[in-house]
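The same subunit A turns up in both complexes below, where it pairs with subunit B and then with subunit C.
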Partner chain A sequence: MVKKLYWMIAKDLLSECRSLRVWPAMLLLGVVVAMMFAMQADLPPERLRQIVGGLLWLTIFFAGTLALDRSFAAEREDGCWKGLLCYPISPTCVYLAKLAVNVVALAALECVLIPLFALLTDVPLLAHPGPIIAVAVLGDLGLAAVGTLLSAVANTGRQSSYLLPLLVLPAVVPLVLGAAEATRLAVEYDFGPAWWRWVQLLAGFAVVFITAGIVLFEFAVEE
Partner chain B sequence: MLEPVNRLWPCVAAVMVTIAIAAIFLVAPTEQTMGDAQRIVYIHVSVAWMGLAMFVVMAVTGGMYLFRRDLAWDHWSQAALEIGWLCCGLTLVTGSLWAHAAWNIWWTWDPRLTTAFVLWAMYSAALVLRSGVEDPHRRARLGAIVAIVGALDVPLVIMATRWFRGIHPKSPHMEPSMRVALLISVFCFSAFFTTLLLLRRSQLRIADMLEDIECDSCSLS
Partner chain C sequence: MTASHVAIEVRRLSKRFGRRLVLDQIDLQVAAGESVVLTGPNGAGKTTLLCAMAVLVRPTSGEVLWFGEKAAGRHADRRLIGMVAHENRLYPHLTLRENLIFAARMCDVDRPQDRAELLLETVGMLAHGDRTPPVLSKGMRQRLSLARALIHDPPILLLDEPFEGLDLDAANWLTTLLQELRQRGRTLCFVLHDEARTRLLADRVLHLHQGRLMQVAVGPAAVAHWSPADQGSTVVHAA
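Moving on to the complex of A and B:
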């Protein structure tokens, strides 16, 4: 299982490194959306501190959706998906591999967007990197867990390109709220019970949807 | 053709709605500060409860479809999806009308309104998903997955929006006659929407049977 998982992850990462089809577009979209948000949010520093978490997480969501959508759309092209299903690997293994690749893609996006938002808004997002990294990792896991499962669902219909954001955005409302609030509290150096409550919500969200993905993915990819 | 028992359902629904409207306008007294606008609450609470209940029906019957692979379960799931979407839409409209009368604003990011909006968005996404899949079993499978994901998400949405902010009245003080009117209204509207659910489920089942007959006659000719 571990070896198959490793090869599945290596296949997707290698394919992306060779073709550079999704990640550059995702990073570029993230940078453009961040610039536009920062341009519009010309506010006093204390107001910016309150909203920067929400802006950051919405940007991660919009740009990240590109990577989530392509994780299955690419497999559907040229009958790759049918070939993949012929391999002796379980659907759980495919789900976990796709999840891992999406986590890496979203982590790359966060590595660009968090310093960029700190630079553009002058909000000290990197003053305490530990808590921000914890929030980013948990948010990343939750978004990738829901996104990977729903991307498999969306890519079986004929309207995949616009369906994924429609399916994912309502589902990740608690995640975006939790990550935005935890980021705001971290920027304000408030690591009290409220911050822990949001972090627990993010962890709970990730656990619930990774488990749901493992159980339901098999049904999503049935031919 | 409708089954004999189905002919009774529209009559039951009509009687229930009449009783609910009578209770709202004749049993419930006029509220002192909001006046007649307060009567919206009797419909609002009823449709909000049905919006949430239909999500549970949709997820449970969707799960049963995945377990049994019988399209009869999907008919329940699809009917619940459509009625739930209607109820959630009505919750947003009545909530907005009530908010304008009570707080002089059309919309607020109150936890329960936000939850209703997220539910409505999930129902809408599930409807769009279903409309794009031709094969009934694939449609049922994908619809069930979205329904289960949504059902798992609802408690987290409620928790997150409640922690975020809240101005919604939690358990407002009501006159005993108002409580009676509210109970009658909730019961009658629940019966009305359950009737709609049964009728729609019946219609889907008949449509499915017709499709099977058409397929059989095509293969024979």
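Moving on to the complex of A and C:
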């Protein structure tokens, strides 16, 4: 299973590197939204510190949804999806491969957006990189876990691009809220019990939705 | 027929899409090594039946067995099936060679590169191995689609209008290849609209109409005299 997982991830990343259909659009949208937020948020530094986490995670959500949607939409072209289901591989393996590719895409987005937000807002997002990286990794895992599962559900229909944000947004409200709060506390160097509670929420969210994806994916992709 | 001699068995299989009943209590046994052709008007449910045989659609009721074992949920046993569908199922940004190597890896084929080269040669596409599917003609993509289905040398082949888009030479080549597969004991199940090729390739002709599967022609003599106008009068029942 591990080898097949590796080859599926490699196939998706190679296809994206050649086609450049998702990542440039995702990164461009992220940069544009970040610049708009930064330009409009003409606030004192202490006020900006309080809201920069929310702006950052909203931007990651909006731009990331593009990548999440395309992860299955590309597979649907030319019937490749049914071809994949014809192979002797478990749906769990397919889910984990798609999850891994989405985690990589969102990580790339975070690698661009976190320094960009720090630069545009003068908020020291990277002064203590460890906690911010922990929040980014957990937020990335949670968002990718929900998005991968719901993208599979949305892509069984014909209006996935319209359907996916409607499915994902309500599901990720706790995640975006948790990540925004944990980021705000990290920026304010407050790593007390409140920060840990938000981090635990993010970790719990990721574990619950990765488990749900593994269990439910087989049913999610049925027609 | 004993269970091991039956490659595919469909038991009381029904499929609804919304209110529409596409397949109605289908019973079918396809013997190992048998070649069965499904005919029927557009929208009769032939593709749905093939997909149900491949366990790509979940039936509303009934079940499918491969070599006597229930097919649903047995992902590892999908290696028993190879399928050529309407869509070519090839990744547009991978080369033909990469598409076949990926398929071979997914099917646990030993030495995937060598197998991909062999299949490219078999379907006459060795010179095009570094090209991508979008730049090929439909006929060439159809050849590749067949190569992908054969990559793991499956005992059962399901083919949905495999001659579609092929020119006369390519169609003749495919007929010869399928006859060779028949001689090698592969179980073949086709959807075909071509009268002459049906006579060449079928051991049995079945007609799907209004969700029911009718027996039309069984055995060489009956198949040789089969005509598309013949829609059968006997519903197929499991043995």
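As a convention for this text, the second predicted complex is superposed on the first by the 222 of 223 C-alpha atoms of A that agree within 3 Å, B and C clash if a C-alpha of one lies under 4 Å from a C-alpha of the other, contacts with A are read in each partner's own complex, and residues count from 1 in each chain.
Methods note: a residue touches a chain if its C-beta (ideal position, glycine included) is under 8 Å from a C-beta of that chain, and two chains touch if they have at least 3 such contacts.
Since the structure is predicted, the reported quantities are computational estimates derived from the model, not experimental observations.
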Which of subunit B and subunit C A:4 touches, first, second, both or neither: second
Which superposed partner A:205 touches (first subunit B, second subunit C, both, neither): first
Subunit B versus subunit C as contact partner of A:177, first or second or both or neither: first
Partner touching more residues of subunit A, whether subunit B or subunit C: B
Touching partner for A:124 - first (subunit B), second (subunit C), both, neither: neither
First, second, both or neither for A:222, with subunit B first and subunit C second: both
Partner chain in contact with A:146 - subunit B first, subunit C second, else both or neither: first
Partner chain(s) touched by A:169 [first = subunit B, second = subunit C, both, neither]: first
Contacts of A:85 with subunit B and subunit C, given as first, second, both or neither: second
Subunit A residues contacted in one complex by subunit B, in the other by subunit C: 222
In the complex with subunit A, residue positions of subunit B that touch it: 66, 114, 118, 121-122, 124-125, 128-129, 132-133, 138, 141-142, 144-146, 148-150, 152-153, 156-157, 159-161, 163-164
In the complex, subunit C residues that touch subunit A: 51, 54, 56-58, 75-79, 81-83, 85-94, 98, 102-103, 105-108, 133, 148
Sites on subunit A touched by subunit B in the complex: 146, 149-150, 153-154, 156-159, 163, 166-167, 169-171, 173-174, 177-178, 181, 194, 197-198, 201, 204-205, 208-209, 212, 216, 219-220, 222
Interfacial residue positions of subunit A with respect to subunit C in the complex: 3-4, 7-8, 11, 14-15, 18-19, 77-80, 82-91, 222-223
